[in-house]
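Following this line, the structures themselves.
Here chain A shows up in two complexes: once beside chain B, once beside chain C.
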Partner chain A sequence: MARYIAKRLANYVVLLFLAVSAVYFLAASTLNARAVYAVRNPPVDPGVLDAMLYRWNLNDKTPILERYLVWLKGVFTHWDWGFTATGAWVNDDVSIKMWVSLRLMLIGTLAGIIVGILVGAWTATRQYKPSDRAFTGFALLIVCTPSFVIGIASQILAINVNRWTGVTIFEFVGEAGRHGSYFGAVFFDRLQHLLLPTLALLLIQAAFLSRIQRNLMLDSLGEDYVRTARAKGLPKSKAVMKHALRTALIPTGTYVAFSLATMFTGAFYTEKVFSFPGLGAYFVDSLMNPNPHGVVAVTAFSGVCVVCGAILSDIAVAILDPRVRLG
Partner chain B sequence: MSPILSVKDLHVTFGSEAGPVRAVRGLSFDLERGQTMAIVGESGSGKSVTSLAVMGLHPDSARIEGSITLDGEELLGKSDDAMSSIRGKRIAMVFQDPLSALTPVYTIGDQIVETLLIHSPMTKAQAWDRAVELLDAVGIPDPATRAKSFPFEFSGGMRQRVMIAMAMANDPDVIIADEPTTALDVTIQAQVLEVLKKAQKETGAAMILITHDLGVVAGAADDVTVMYAGRPVEQGSVDDIFYRPQMPYTIGLLGTVPRLDHSGDTALPVLEGTPPSVVSLAPGCPFAPRCPLADDSCRSIEPELESTDSPSHRVACFKAREISEQGHSHHDIFPTPAIRTSQYADLPRDERETVLELSQLRKHFPLMKGALYRRQVGTVKAVDDIDLDIRRGETVGLVGESGSGKSTTLLEILELSKPQSGAISILGKDTATLTRRQRREMRRHIQVVFQDPMAAVDPRMPVFDIIAEPLGAFKMGKAEIEERVFDLLDLVGLEASHADRYPQHFSGGQRQRIGIARALALNPEILVLDEPVSALDVSIQAGVINLLADLQGRLGLSYLFVAHDLAVIRHVADRVAVMYLGSIVEIGQVDEVYTRPTHPYTQALMSAIPIPDPGVERSRQRIVLTGDLPSPANPPSGCAFRSRCPKYAQLDSAQQAVCAGSAPVLSSCGADHRVACHFGEALTVL
Partner chain C sequence: MTTDTIAESTATPRRRMSRSKLTLRRFLRNKMAVVGACGIVALILIAIITPHMLPWTYDQIDSGHFLKAPDGRHWLGTTQAGRDVLAMTVHGMSRSLIIGFTVAVLQTTISCTLGATAAYFGRWSEKSIMWVIDLFQIIPSFLVIAVIMKGHSTPKNSWLLLALLLAAWGWMMTARVVRSLTLSLKHREYVLAAKYMGLPAYKIIARHILPNISSLLIVDLTLGVGYAILAETGLSFFGFGVMAPDTSLGTLISEGARLATTYPWIFSAPAIVLVILVMCVNAVGDGLRDALDPNSSSGGRA
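Let's turn to the complex of A and B:
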């Protein structure tokens, strides 16, 4: 098992290196850091600008291969992922913003997975009954709606709830805001800010996963071994939970492992709508205000997350399915 | 003694878009402790529906009426929780397909422990010990270790033993076995039936045995209920049903099945037609459309189940009295079609041309391991240097259990290319030397009919296109194709009006006829038949078997007929070859091999097959093989059969060394009879 994972890992590392290098060339050739200074008034002295960009290894007058080698050396010798066009260190940016993304995503994703699996499993046992049809319709509505529409709609709803109750239940700008001075006020304030984006994420995640889980569950409910479990004398609910759901979770394990690993890279729309300065928003900002090193670093980080997700999903399947573990 | 299980006037109805499906209509029976009642019927007859009704496992949408009492206690109308405490405890069930009946993610031990813990207060450790005891009782070797294994690590026969262990676990009053051996090989079937009998004896339970195999019924049942289209049509003791059947359907079922102990020189009597759909039943006896004796009263009123001369023997047929008084047998009731004999029939075998010859044919598969860096860890000898020849106009049967290499042999022949080693010669041409164009031309001469008629034809093509496809591939003109397709439909007994229908509109037997018509389209000389009747219901098989025999006579075809059913092979084949782990262990003229089987494997195979005759079954001494087929990647040294050989066990150590030291080769043991055994002795097992 360990050997198998080590082999897979070696494969991924080679792939990741090639992919990140390709992104470097693409980003360095299309994103010109000089553009950040083109609109400055008064204009920056060209000589000073050249020197500045050269120092940060962003000067488009240096051949691209040379910049790549300098950048590569920095990454491998000092774990230095380079600077932005304004001189900020990309390492700092990413290491701060990934935790912002995680704080935003963690509860929503986890709760969404659990709710999604349960709703999917439950609706499968009630196939074509009114409750199943209602949940199916609602889930499809959520899946079809773009996430920024869900974000903004939830904010409008939240404003109305706040106004109607007269209490500010939902806060939805940024990670933190004004708060009282009582014990735990800082924590409570953060929770309040998290509430709405978490609900939005939960809804999206759960709607998507419930569709997958429902279909998997329908397959496994019809299996002979569920009938065997019933014939042994297990009541229906127990036979469903212990035998049908357990096997229907095997394919879900793959999906869940991936979504856990990619949580750090954030959800761009959710971060933008709720003004969370996370990694997704950082990536798009890096494209708008040319910051090639930022783009490459986020890409590399996402790549690592995907690799972790793949390994996690292999492990998850091995844990869930003895046929993979022993066969 | 009062019956332990009593079913009175059971009706089960499902809703469907086409209308109510009346799956069971008026079934009654009483079952006493220690007794076995068999329910016999074809697919759709309502036998499995009955078992699920007793278990209370039908979906809520099913309407169940009548009465089912267990030891006087009414089961119908009980809540699911109340039924849950009865299921697995007082009524236990063994299902058909052991490969899918166990949850793949839990160990065998855990699944038996679960059965024990739901119903009785004991600790987990006690339950585990009891589970190991149960595994030992059903003959699982090394039960303490094997209890920790997962289902995928067990063979089909072993898993069915586990199912039986689970059924025995709580000492039930009733065991329901639904086609318990249908998915298993014959030697394994014999083992499992023994285990089932043992389980019944130890628990003293009554048993409902649901099956379509009349041989199994004859050997295992005390009473029999024959079901047709949801109705019990005949009930009685096993002797009543087998020796004094009075319902034409029962008589037909018994008479149209090829028998292992009868040579197959004559055509089988045929039960025309197919069972009706239970959605839209016409008035009258449901069997009337297929019954040669039916008259107007049969077509207008459905007969009730009534007692005959003996009170326990009940028949639902207006003609029953007439049948029993005149002593009609199946020959008197059912037509036996005339089968044309081949123009080669009178020619001695030696003078006929060899159409297919395999010499030292070998197909070894490398056994690979590893995910990224694959390496070979062994060799599976799927086909190991076999010799076989087929003469013009004859049928050679190839029999063996799953994993014996029958299908690989067929695929190698149909490949029409150079085999791994050895040679294949078709119509005198070595396939290794064929050019691409010659190979294409050769396909005309050798065609195949597959096992599953539904899977072998494209469901989105009308019948005309299915049959015309090979003709189009060989650039035949449009008018010519049309004429040929209608000729072929006629040839296989289908109507011209069937041409524009799709495969799903046909029954299994008719679909197999479509498959045969397609195979015959190009006028082949050799037909390779891969289990052509094993997927069909018993009453349909005879028609297809007769058709194949008739076609052989009319068109002078040569058949290579692969089957696991030895009774079918005895009926259709002129010569038979028995395969075990990639080698032919016995080959010869069919009656010679069946009356004087000489290889211990052939003897065990024949002895394992139940014969639909209770008297014969009772007096038979069965050779039950121990264990499963060894892994073909790691067969025993010398003779591959010695690990399971009953003969080997009786030999002295010097003789055993011979078996372990060298693999026996085929040598003559009679006129056209060769066997590969160092110590083979002819034995009568039928």
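Let's turn to the complex of A and C:
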């Protein structure tokens, strides 16, 4: 097992290197950092600008291969992922924004996973009853709605709720805002800002997962060993929980492992809609205000998350599936 | 099956039912799927017919009528630039439909060609194709497509480039499934027979392997339309997709999103159309899956 994982890991490292290099060439050739200064008034002296861009390794007059080699050397020797056109260090940006993304995603993702699995398993045991129809219909609606539409629709709803109750229950711009000076005000304010995006994320995650879990559960409920368990006198709840749900959780485990690992890269749409300055928003901004090094750094980071997710899901299968664990 | 039922079924001779007829009957029994299919047909007809019948075209500017709420002049209101929301929604829907179908057809073609090739030939071709799949999957497609679209911001035909990119980064999952299914088929007797008769490999794949996994491909094609439309709106939402003056549902939603809390009609019209469209596509996909699945739970009925 260890040897197998090591081999896969080595392969992933090569793939990651190639993919990130390709994105570097793409980003460096299409995003011109000079554009950041084009709108400055009074205009920046061309000579000074050239020197400055050269210092940040962003000068489009330097051959792209040369820029790439300088950047590569920086990454491998000093773990230096480069600078933005205004001289901010990408390492600093990413290391701050990654935690913003995680703070945004953590509760919503975890709660969504739990709710999704429970709803999926529960509706499967009630196939075609009204409650099952209602939940699966609602889940289909959520899955077919892009997350930014859910985000904006929830904001419109929240405004109406705020107006109707006369109290600002929902806050939905940014990670923190104005708050009182009582004990725990800062913490409470953050929670209040987190409430709506977390609900939106929970809904999306739970709807997606409940559909998967329901199908898996329906398959495993029809298996012979569940009938055997019932036939030998096990109560229904025990047969469902111990025999059907456990096997139906194995494929979900791989998905959960994957989504936990990619949590750091954040949700582009949720971050943008709710103005959370996380990694996803940073990536979009890096494309808008040309910042090739930022784009490449976020891409590489996401790539690492994907690799971790893939390996984690392998491990999850090994832990959950007795055929793999004991075989 | 007991001897009784065999005797019974031979006693009352029934007409043999072809597979396509069986599938159709199963499909028609699923109400959601039928509603979805009708919905898609209706939306396609609306996209083709109505643009010529509406009082405004999608790129026409009605100066003086900016951000007007729905009324008799503009049935669904106007945007900040004074463009008619109804005409834009209809045009955006047809763009999204075209992109969705183009992407689905392209990516299913790529995935069945590469997946079947990898499994049928094995060895280095399998290794290299699997390696390419890994390479394409290691970075979230959104990131790569956004960078490329940003670099080629030519408003004209931006939808075509977007469709090509979405297809180029959308085939990997299905290719994996096609490969594993082909692996299980390639040692079957009829494939071997065709091989020893001297049929070239591409004909064997096209005639004997792909038809046997066609149910997967059909379902994948349908669901691919939905995924592609969602991906297109997502990229357009950030301005990395279809670009103005051309309009897709995503572009229109993103225009409405900024003003959604004060001028909700620009946002809600395209958002509702989008959700209905994707739901219809998914309902048809689910219905097809159940109808084509030989192990489906239709309880012995045809």
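Going forward, the second predicted complex is superposed on the first by the 326 of 327 C-alpha atoms of A that agree within 3 Å, B and C clash if a C-alpha of one lies under 4 Å from a C-alpha of the other, contacts with A are read in each partner's own complex, and residues count from 1 in each chain.
In this section, a contact is a pair of C-beta atoms (placed from the backbone, for glycine too) under 8 Å apart; a residue touches a chain by one contact, two chains touch by 3 or more.
Keep in mind it's a predicted model, so treat the numbers as computed, not measured.
Trainee: Which partner chains sit in contact with A:272 here, chain B, chain C, both or neither? Use first/second/both/neither.
Mentor: second
Trainee: Which partner does A:49 reach: the first (chain B), the second (chain C), both, or neither?
Mentor: In the superposition, A:49 contacts neither chain B nor chain C.
Trainee: Thinking of the overlay built on chain A, is A:283 touched by chain B (first), by chain C (second), by both, or by neither?
Mentor: Second partner only.
Trainee: Considering only touches as defined above, state whether A:306 meets chain B (first), chain C (second), both or neither.
Mentor: Only chain C is touched by A:306; chain B is not.
Trainee: A:12 contacts which: chain B (first), chain C (second), both, neither?
Mentor: second
Trainee: In the superposed model, does chain B or chain C contact more residues of chain A?
Mentor: Result: the larger residue contact count on chain A belongs to C.
Trainee: Thinking of the overlay built on chain A, is A:247 touched by chain B (first), by chain C (second), by both, or by neither?
Mentor: The answer is first: A:247 touches chain B but not chain C.
Trainee: Between chain B and chain C, whom does A:321 touch in the aligned arrangement: first, second, both, or neither?
Mentor: first
Trainee: Looking at A:236 after the superposition, I want to know if it touches chain B, chain C, both of them or none. Which is it: first, second, both, neither?
Mentor: In the superposed model, A:236 contacts chain B only, not chain C.
Trainee: Using the superposition on A, tell me which residues of chain A are in contact with chain B and, in the other complex, with chain C.
Mentor: In chain A, positions 11 sit in both the chain B and chain C interfaces.
Trainee: Taking the touch rule as given, give the residues of chain C at its contact with chain A in the complex, in rising order.
Mentor: Result: residues 131, 134-135, 137-140, 142-144, 146-148, 150-152, 226, 230, 233-234, 237-240, 253-254, 257, 260-261, 264, 267, 271, 274-275, 278-279, 282-283 of chain C touch chain A.
Trainee: What part of chain A is in contact with chain C in the complex they form?
Mentor: Where chain A meets chain C, its residues are 11-12, 15-16, 18-20, 23, 26-27, 29-31, 140-141, 143-146, 148-149, 152-153, 155-156, 159, 262, 265, 268-269, 272-273, 283-284, 287-288, 295, 298-299, 302-303, 306-307.
Trainee: Sort out for me which residues of chain A touch chain B in the complex.
Mentor: 4, 7-8, 11, 223-225, 227-236, 243, 246-247, 250, 320-323, 326-327
Trainee: Where on chain B does chain A make contact in their complex?
Mentor: 55, 57, 80-81, 84-89, 92-93, 95, 97, 100-107, 114-115, 118-119, 150, 152-153, 163, 166, 371-373
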